[in-house]
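Following this message is one structure expressed as C-alpha cells.
Letters A, B and C mark the chains in the order given here, with residues in each chain numbered from 1 onward.
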C-alpha cells in the first residue's frame, strides 16, 4: 500500500472515528453520572436522522434549518426520555433503570417502524458536501474533511466545557458522588438533564453527518451503531469524555485499517468492535483512561 | 503453634497507606481486641486478613498454612469467619436461610444431585437445617427464624450475622464492632455471649470495638492502631494508661497531662 | 397426613390431569391454538432459565438469543433429512458427516442442549466477571458474535440463507414436557442450598464470598444449567418454525425474554409461566391491530408494527409503575390456594 492510499484510509478512519466519538460521549457522560448504559442512545441517533429527513422531505425546509431543528428536537427527546423513563427509577435498584432503557429503545424502534416504515430511506446529501478535493495526490471527500473538522471543534468545545467551566465542574462532581454533590448545593436534576441534553445534541450532530456519509437510514440503524459507540466509550474509559474521544478514534481507524489491510475479513468487520470489547475488559476493564472504583467492606 | 500469625502486613491504596507493618499472633482460645480511633485501619486489617483486600506486603498464616492473598471464600474455607462493621445480611432471605448459607461451603454434593432432589442431597439439607436451627437457639433467635432478615432490629441482626459466621464452622472469628449501636444492657449480653461461644465452639476471637467497657471487660490482650500504625500492644490495664493511646484518641499532645 | 404430603399428591394429580389435557388438545384443538400453546411452553423455558440467572443469581445477561441460536441450529442440523440438506445447501455443500446425519428428536435435543451448555460456559467465562450493566453489554456482544459466526459458516449453517424444511417434531407433549422438566429441575435447585447461594450472591456478592461461597463458580453453575435448558428451548423452537436463519436470533429475541420475565415478575417461577402465557396470548390477540380494523361503518387502517408499539408501551408501564410484575417474588403454592379457599387453616411458620 502506498502512502496516498494509506492517508486516504487514515482520513476515512478519522472521520468515522470522529462520528463514533461524538456518539460515544453521550454514553460515557450518562454512565459517568448515573452508572446507566443508555440503551436508547443509539435509537436517539436514529431519530435525529429521521427528524432531519422529514424536515427536508416532508416540510421542504432548507437543509440547514432542517438540521438545526432536528438537533433541537433530539435534545428535547433525550431530556424528555430521562425525565419520563429514568428519573422515576432513580432510587430503584440499578438494574431497573437498565431495563427501562431497553424498554425505551424498543419503543423508539417500533414507533419508527410504524411511523417511518421499515424500508430504508435515502438521506439527502447537500451538494456542498459532494465535492472532492485533491491534496498531494490523495483524494478527499469534502464531507470527510468537514466531519473531521466539526468533530475536532465539538470535542474541543466539550473538553473546555467539562474541564474549564463551573457547569463542567458540577457535572464532574455529580459524576464522582451524586449525594455529596447534592449536599454541596448543586442542582443534581438540572445537571443530569443537561448531561442528557448535551449527549443527545452531540449524538444528533453525529447522526446527521453519519447519514450524509452513509445515506441509507433505517429504523434499526441505531442499534449496532449504538453498540459500537458504547464499546468505543468503554475502550477509552467509561465515564471519561477524553476517553470516549480516544475510544471512538481507535475504533474508527481500526475498523477501516483492518479492512484495508485484510480485505478478506470484510464480512467479519463487525467482530472487530466486539472483540476489542472483550480484550479491553480483560486487560484493562476501566478502559484506557478510566478510573478505578473500589468497593468498601 | 499459633492459630493466626500476621507478619508485617501492609495495605496501600494508591498513595494512602491504610495499614503499615501490622503484626499480631493469636494463640488458640485467645480473645484479642483491636482498637483505635476512627479511620485508623482496623477494618482494613480485617479486610486484608480475610481476603477482601489483597495485601500490598506482608504475610498471614493460619495454623502454619500461608493464606496470604487468597480470596475471601478460600480463607473462610480454611477456617476464618467474620462479621462486618455495617451489617451485611442477605435482606431478602429469612434468618434461617441466612444462617444456612453459612453451611453451604461444607456441602458435599453437586448441583445436578441437588436439582434432581436425590436422597443423598435431601439428607444433607435436613442436617444443615437442624444445625442451623440449633445455632439460632444458641444465639437466641429461634423465634424469628422465618422472618426476613432485613426486618429485624439492629441488635438482633448483629446476632444473625454472628450465627451465620458460626455456621461456616470456623476456627477463628473476626468480629468487626459487634456492639455498635447497642445500649449498655445489650452490650453486657453480648459480652457474655462472646465469652460463651469462645468456650463452646473452641474458637479464637479477634475483635474490633469502640465500646471500652466491652473491650476492657473481655479482651485478654489489646492492640492499638492509629493512622495504620500499631502504637501500643499489651494488657488492657497497661493500654488504658498509655499516653500515646490517650493522645491518639483525644488528639492532644501527650505532655499536656504531665 | 401432613400438608407437605398433600401438596405433593396435589401436584402429582395436576400433572396427570395436565398430561391428559395435552393429549386431548393434541387431537381436538385446531393447529393455530396448538401452536400458541407450544410457543407459550417454549417461552416458559426461556423465561425460567433467564430467571435462574437474573432473578435468583442477580446476573443480567442479554445473551439468550445467541444460546437459543446454538440450540436451534444444532437440533435442526441433526434432525434434517439428507435430501433436505442437499436442497438447502446449494451455495456450498454441507460439511460431511453433518450432511448425512439424520437423528431422532430426543438425542438431537439432548446433544443440542449439551452443546449449548458448553457454549454457555465459554460465554460465561468473560461475561460473569463483570457486574450488572457491563455484563449486559458483554453478553449482548457475544450473542452478536454468535450471530455473525452463524452467518459466515456457510458449510455448516448455510450462512444467511438459513435452513428450510426442518422436521416439525415439536408437539404439545414435547414442548410442555420439556417445560415441566425445566421448571421441576430449576425449582428444586433453587429451593436447595444452591438456591440460597445464588440468592446470597444476588443480594451481596461480597458477603457471600466472605461466607465461603465460591462466587464465580456458582455464577457459572447457574449460567451453564440455564444454557442447557435454553438449548432445549431453542431446539424445540427450530422444529416448530421449520425455517430458521441467523437473523431470527437477533438481540430483539433477548429483549423478548426480558419482557416476558419482567411482565410476570422477576424472581418468581410462577410469574415466568404467567408472563409467557400473557405475552404470547397478547401478541396473538393484538394481531388484528397490525391490519385494518372495521368498527361499524369505519375501517381504521392497520399499521404493521403497531402491535410491537403497544407491547413496548406496556413494557415501559410495567417497569415504571408495576416493577414487581404480576407475581412479584411470590410463588404459587397449594398452601396458599387451599388457605385462600378456606379448606386449610393458616399455620404459623413455613412449610417444610
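FYI, contacts are C-beta pairs under 8 Å (C-beta built on N, C-alpha and C of every residue); 3 or more make two chains touch, one makes a residue touch a chain.
These figures come from a predicted structure and were not determined experimentally.
Legend note: the chain whose CA centroid lies nearest the centroid of all displayed protein CA atoms is C. In this assembly, B is the chain whose CA centroid lies farthest from the centroid of subunit C. Remark: subunit B and subunit C have CA centroids separated by 43 Å (rounded to whole angstrom).
Separating the centre of subunit A from that of subunit C, both taken as means of CA atoms, is a distance of 33 Å. For the pair subunit A and subunit B, the distance between C-alpha centroids works out to 48 Å. In subunit B, the residues that touch at least two other chains are 52, 84.
Residues of subunit A in contact with at least two other chains: 297.
Shared interface positions of subunit C, i.e. residues touching 2 or more other chains, are given as 206. Against subunit A, the residues of subunit C that register as touching in their complex are 60, 126, 129-130, 132-134, 136-138, 140-142, 144-145, 148, 151-152, 206, 251-252, 255, 258, 262, 303-306, 308-309, 311-313, 315-316, 319-320, 323. Of all residues in subunit B, those touching subunit C in their complex are 50-52, 71-73, 76-77, 81-82, 84, 88-94, 97, 100-107, 111, 114-117, 121, 124-125, 128, 146, 164-165, 168.
Contacts from subunit A toward subunit C in the complex involve residues 31, 35-37, 85, 88-89, 92, 94-96, 98-100, 102-104, 106-107, 110-111, 113-114, 118, 223, 227, 230-231, 234, 267-268, 270-271, 273-275, 277-278, 281-282, 285, 295, 297. Contact residues of subunit C toward subunit B in the complex are 185-186, 188-189, 192-194, 196-197, 199-200, 203-204, 206-215, 221, 225, 329, 349-350.
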